[in-house]
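Two complexes are shown next, each including subunit A; its partner changes from subunit B in the first to subunit C in the second.
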Partner chain A sequence: MEAELGLKKNLYMPRTSVTTESNKTGSWRFLRPRYEEKTSPCSTACPAGEDIARIEMLITQGAFKEAWETILRENPLPGVCGRVCYHPCEGNCNRREFDTSIAVHTMERFLADTAARNETKPVLERLPPKGKGVAIIGSGPAGLAAAWFLNMLGYDSEIFEAMPEAGGLLRWGIPAYRLPAAVLSNEIARIENQGVRIRLSETVSASRFEELKTSYDAVFLGCGYWRNIALNIPGESGSGVEDGLSFLKQLRQGAKPDVRGVSAVIGGGNTAIDVARSIIRLGGRAVIVYRRRREDMPAFDEEIISALEEGVELRELLAPVQIAAQGSDCILTLQQMKVEGRDRDGRGRIAADGTSPVEISVQRVFVATGAAAAETWHEPPPAETAGHHTAPLTPHLPLHLSHCTLHQEQQGTPIIYGGDLTNTSKNVTQAIASGKQAAMALDTFFQSGAGTIRERLSGCLVGEGPSLSMEIYMHGPRKERKTHIVSHQEINTDYFQFEPRVIQPRLLIEERTSSFDEIELKISANTAMREAGRCFNCGICNDCDNCYLFCPDVCILRGRDMTERHIDYDYCKGCGLCVVECPRNAMTLGEEEKL
Partner chain B sequence: MQLDALDKELMCSGHVGCPGCGATIAMRFVLKALGEKTVMVLPACCWSVIAGPFPQSSLKIPVIHTAFETGGATASGVRAALDMKGDTETTVITWAGDGGTFDIGFQALSGAVERNEDFIYACYDNEAYMNTGIQRSSSTPYGAWTTTTTGADWKKLRKKNIVEALVAHRIPYAATANIAFPEDLIRKVKKAKAIRGSKFLHIYASCPTGWRIPSEMSIKIARMAVQTNIFPLYEVENGVNYTINYKPKEYLVREYFKLQGRFRHLKDTDLDQIQEMVNEDWGLLLRKAGEHA
Partner chain C sequence: MKKVLEGSHAVAEAVRLAKVQVISAYPITPQTHIVEILSDYVTTGKMDAKYLRVESEHSCMAALIGAQSSGVRTFTATSSQGLALMHELLHWASGARLPIVMAEVNRALAPGWNIWNDQTDSLAQRDTGWMQLYCEDGQEVLDTTIQAYRLAEIVNLPAMVVLDAFYLSHTYEPVDVPDQDEVDRFLPTYEPAFILDTKHPYSLSPLVTPNAYMEMRYDIAMAMDDALEQFDRVEDEFAKIFDRRYGAVEAIDCEGADIVFVTSGTVTSTGRLLLEELRPRGEKVGVLKIKLFRPFPVEAVRRALGKAKKVVVIDRNFSFGASGIFAQEVRAAICNVPGHPPVFGYIAGLGGRDITVKLLEEIYFDVKGSSAPRKESIWVGLQEVNRAT
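On to the complex of A and B.
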């Protein structure tokens, strides 16, 4: 025995000779963890479907250019949207349930400003040229977006703009204190640099439209709503009455109209607010007269608050019934309204309250109660109504999508109507969403026919939609994301501390009311990184390494740069720790498949 | 979490620790912090099994399996042998369970640290004799079910405060650590490695099997032990200088108890009593650290 063990006089110490790696403990497993990125709630709320969780992650890492490019894949106008978008993303942010939402729009603007300051050139994927040209009528946000995305998909896109400068409503309908002209020009220049042609001062008439149909493979109509909707009351075409949009346009063209005294602004939308706040800046007084209540106003709440801060007066539940000139003044007759039940859109239904009308005397009246298409041929073909059924000439067309309408007459050139012409919510980001959807629809039309559009697009939804992702459409990495929307309960908040949201520096009220200077000021890179660092990065892996660290079985393997993690299922016992300790639900624990 | 230079792996897959075992996570962190030049002394405990049945080993460092009660004595011998060979660089660490530390190994441990032997004694605490089937130890907390404190006879005695017992020896370094706080844990191990003389580390290591908790909750519960002040993170230098490393936001202990099967029988009045005990211990610690509640 002693000889057998090689023992002489020495003490025998048995020594191990192999590792435990021959025990494939993966056979113990009945639950199977896996890496599975999911969708953040902010990104589904963003009409442009921006990959916000990833954008914030890149900002935290100081990768500003990559973050900016990540926006540009889904939205060509971050400098504009970081300023004028009503940021529904923030209203849906999971961090709200923890402390306060991430200042997503502030981050977006920061990235755009940083790129502009450094004159950064984006590097973006573009599909090989398709040899097809698309004419785009109107260079507003819808037209710009359609051109940008069609260009990405390999089309030659050419924009026709009636005005001498591009931008549409962005240039002529939004005051400079919200959107400085230089910001817009910068974004448009980048769009042109990517290969989009913009032909200025080229009005497209009905006959020119017919010509375009023959010389292009498709036409996108994004000419917006420019015709003021009439109030249909006596005196509205008299002197002293102006339309709001034309007034804003004059200002952007450099005019300094005399607005001394009191101006009444009729309406409750963003244009009404823009007009009133501009009047204040020109030294006048402004009273907004609105038929309904403040909570029913379609204007963004932050805009209403700012207007009131700046001294705009708001008079609710007053419907104009007549405007009469009296010397150089206007007498505005108003009917007091009351709320009675609810309208179909959920707002209070209003009716005259039975009292006799009141009169107010003002120096002038601005009408900003909404706009409509300037020409009837701008209007998309109506949606088919039940009972009235005409067999479509091309099967599946006209196709009414959420943000655009595709039509083709007798195998002719496909026409897409988009932007305000088709959108139910008429604002900048929805217009961008429209341009994107139109580009996808048109490309699918050319690739595989009208009958495949709905299905192809439904595969590109961000979460449950309606936002669409061009990155998904182009088979980018985002395609791997699950549509599951990460909830606050699915975040492991043990890994986050309460931190106050960035305070956006702003001009003082006195500074605001005396100039058209931009109100919101810049933030520093450090501030941006700190704010982005508050983001949970819902559903996406930010390489925090928790899964690797806490694995009791050493079976999280890492590839290049210590990223590209994967699980060694030979040994993983399925304890589930990695999934629970992943702060951001980038992993999933599922049942092990029965063998 | 950013932990640099910890990519080296000195523990192997294929070990037979239970799914979600906190003691294996503790080992992984400790070895990452110590590095290869380490000899481990391993008295009987779950880890005797996890380290592998002969001829296997799940650890890529030399390990000496030794008798249950001899952690302190064997380490003293290994240290002496290394010193005789002129190797002062290699770290000697004893890795023992709470049974092997608080109870049966206490004499050898006390003797070794009284002599101020140059080694680290790490106790991974899973609060019972787990390897032999969940028998209570003097580390088992007040209120816990074990296979020897069953039914109405759940443990009604306090957990021994082992760190204070070691601090009473006036050793150069004694500290608590927790698997849910890897940065703190690794810093403490590195600190202990750099100090000459006896070092004691009390490492909280959850045990899904013995505590009747789901395996995926092992880290969450470990974290809560700190957040509730049940297991405060602190260190003591030379038996007198206390530093509290983490000041929790006073979570209630019932949150911690609620999650574990071993405490299921406790009533609200019991939990209130436990809360008082925890508050008292925390107050005591604050006083030692010269801080105010």
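On to the complex of A and C.
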């Protein structure tokens, strides 16, 4: 025996061949660690519910295609959203409490650009065909998303677009310096390649709508708000007064209107900003006239800052009362307003300050104070039919969800209203959220009836919602993720170092104001990987192996590919070191079940 | 080949020549130069070894215990606080009978922070079962490190090669660096007494009951005794190839000396100068250098001190509440010899304070003029200290 053990000298060395395997120290355990992935705060803030913590992890690993596909499972338009989304994810990033948030939108755009440059084809799961067709009216972000997700769920989705090119507001309402046409076309081409059909230049009238109801199993109405809301002041239909959305549309159609002199832009939303910045690029001067204050403007703050940098003038607390033509100019009469308390939405309540109106002379006026549905039949049925006591024939309908409304008349074809028609916040990513919710709601409707929709969808929330995950809906691995939202306190920041956030290169001001070229420039793969490496990956395992390294009992068992990890409960004493040393709260320590 | 080498680099050259396979260390002044150059050797391929970076000296020794158990030759170097942090595992290394070799650079312990020379760090580890070899100069450091592997591997006990901070670790001297084939003739390939082998799994150092623990300790005691004899044999073999030997102790002019100074480390060199100073003046003085501290060469010490009228021990260390540690050991070694000389203990040079020939001379005349020690320990070279009342 001793010779076999290689013992050459007669040392008095106690040794044993009895294995400690028989001493199952796991029986000492009263606390039980387990791998338990949780929800990152960024993903709950994302209206599209993108799995951001995982996306950043994959970028760090250089798995750009997989990261891009992870976005596509929740959002068909990463190239668009990486540019125009207001990225609420970054405002909710746990890293903000450490140094600065991750540049999530920059990463998203990087992935989309990389996939486009390499002409990458995504490999995504698609459920078997259901043999049902859905007509989608409008190819804006809501319609494209609805079509994309319905296609994923096995439906034939067909989009009807009135204009000769698809994209809706993305194509006609957002200037090229924010969203180049090629980027949009690339995204739409991919959506079509996945099997979505888009019928261009096919306006759906009220009668055509009725026809669609009979020839399709369902109709999604996502035709957006295209009718400019009137100011209801004298002179607004006179010459020299234009609506902002139409102006932007002309630009995207290739027109280069003469905007020499000063243009007044009335409004405080993103359209007003887009119009003003476009005027600057065309060589004119732009003055935004807004009846409230800058902090009350619904436009994204970054857009306002860029506009002011480029020379747009902002005049606050001025409400238009009259527009009058004077030769080729317009005299805009404005009432000075003052703030008195707050409105219900938190913005300052305004009222005339009692002074006499002032007049400004401009060459033209653009009205960009909001839009509404173009046709009354685009409007979803009202939420309440108070006093109008007619119980709907189909129980549970119309069903008003957070981002869409499902209706069915007389057991007829189900209609879903979505996008700007139903959304409270009218922006691209909320429209995508609407298309996704509509696809889920419609599928559930066909699978198990309207009465089950709310419950089925509540099981697909990202964290506490309202964002929904299609991956969860389709029973993907993300379904295992706990809804607990990881807080900054739950991150073991000992494992992170202060690192500056990536600074995305931009065109110079003089380059910006002289062309419609995209302002934000590309970043390299190295830069993207470094930025993504700053991400805490809140709540998800990135194979850092801290658990393996710290376990004093060698109880972390790794699979052959070094990714799968299991705990050997025969020997784990439940010390909890692994849970404490997990930098990102992807593990949980719970009480051992009492036998 | 003769080279001008720093003491630290003399250690490193010896480690290279000993073909050490695993090195692990945590940097600490004044030891860092040793592992700095070794890490360089490993990186550049000058040594075929694995260098383990660790987060502490405790982990370092744990890593070497694991590595040595798998059957490879290992090395570390440390100092002061680092050695203190290793303490638990020093016991383990010897109890597990692993011939690990360490270079230990004598440095004072904190507080107050002091990076300079003081022997208390290594002497405080005297009961851990490690052999301890105190060196006087760069050549001895190189030779002793190579010898330490030979000795440790024969008796299966770990060995500590001890050198004074700065006086030795950072001083450049001419050192004869032997050729690899010469060293190979002296130091054969490491043949472990036992190895951990995954093909034949077993565990070492399991629970040992009162039935066996005492025998285990006795076996270590026997190995230590054996080391005293093996040390001489190792030196014989070394001398055959390299024509150099040091001895467990070196008696310098002790024959016929009335007063013998007992020294260790670089103070011995100062003692040699003292002899040059006093002998021509007719003073009957000698120096006994103690190189081997564990195992303690009791017989050799008795022989060397037997005829002296007075023994002076210079301790650059102190055991609080007792005395200088070498003085304790010398007293213990001779106390059973009838008519043994009185032992005068002097404490000098703590925390890197210079021990000069002049200071030793003052001590000599102090002893010469005293019939018996005034105190167990006399602290010399002290400044006026204002003590709180």
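Couple of notes before you dig in:
Methods note: the second predicted complex is superposed on the first by the 575 of 595 C-alpha atoms of A that agree within 3 Å, B and C clash if a C-alpha of one lies under 4 Å from a C-alpha of the other, contacts with A are read in each partner's own complex, and residues count from 1 in each chain.
As a convention for this text, a contact is a pair of C-beta atoms (placed from the backbone, for glycine too) under 8 Å apart; a residue touches a chain by one contact, two chains touch by 3 or more.
This is a predicted model, so every value here is computed, not measured.
In the superposition on chain A, A:98 contacts neither subunit B nor subunit C.
Using the contact criterion defined above for the overlaid structures, shared-chain residue A:516 touches neither subunit B nor subunit C, since it reaches no partner. Of the two partner chains, subunit B and subunit C are each touched by A:16. Set against each other, subunit B and subunit C differ in how many residues of subunit A they touch, and the higher count belongs to B.
Once the two complexes are overlaid on the shared chain, A:546 sits against subunit B while remaining clear of subunit C. Counting contacts by the rule stated earlier, residues 14-20 of subunit A appear in both its interface with subunit B and its interface with subunit C. Put simply, subunit B touches subunit A in their complex at residues 1, 3, 7, 9, 11-17, 19-22, 24-25, 28, 52, 54-58, 60, 63, 179, 182, 208, 214-220, 223. The touching residues of subunit C, when paired with subunit A in their complex, are 71, 96-97, 156, 191-195, 197, 200-206, 208, 212, 215-216, 218-219.
On the side of subunit A, the complex with subunit B involves touching residues 14-25, 28, 494, 544-546, 549-550, 552-555, 558, 562, 568, 570-571, 573-577, 579-581, 589.
For subunit A in complex with subunit C, the touching residues are 4-9, 11-20.
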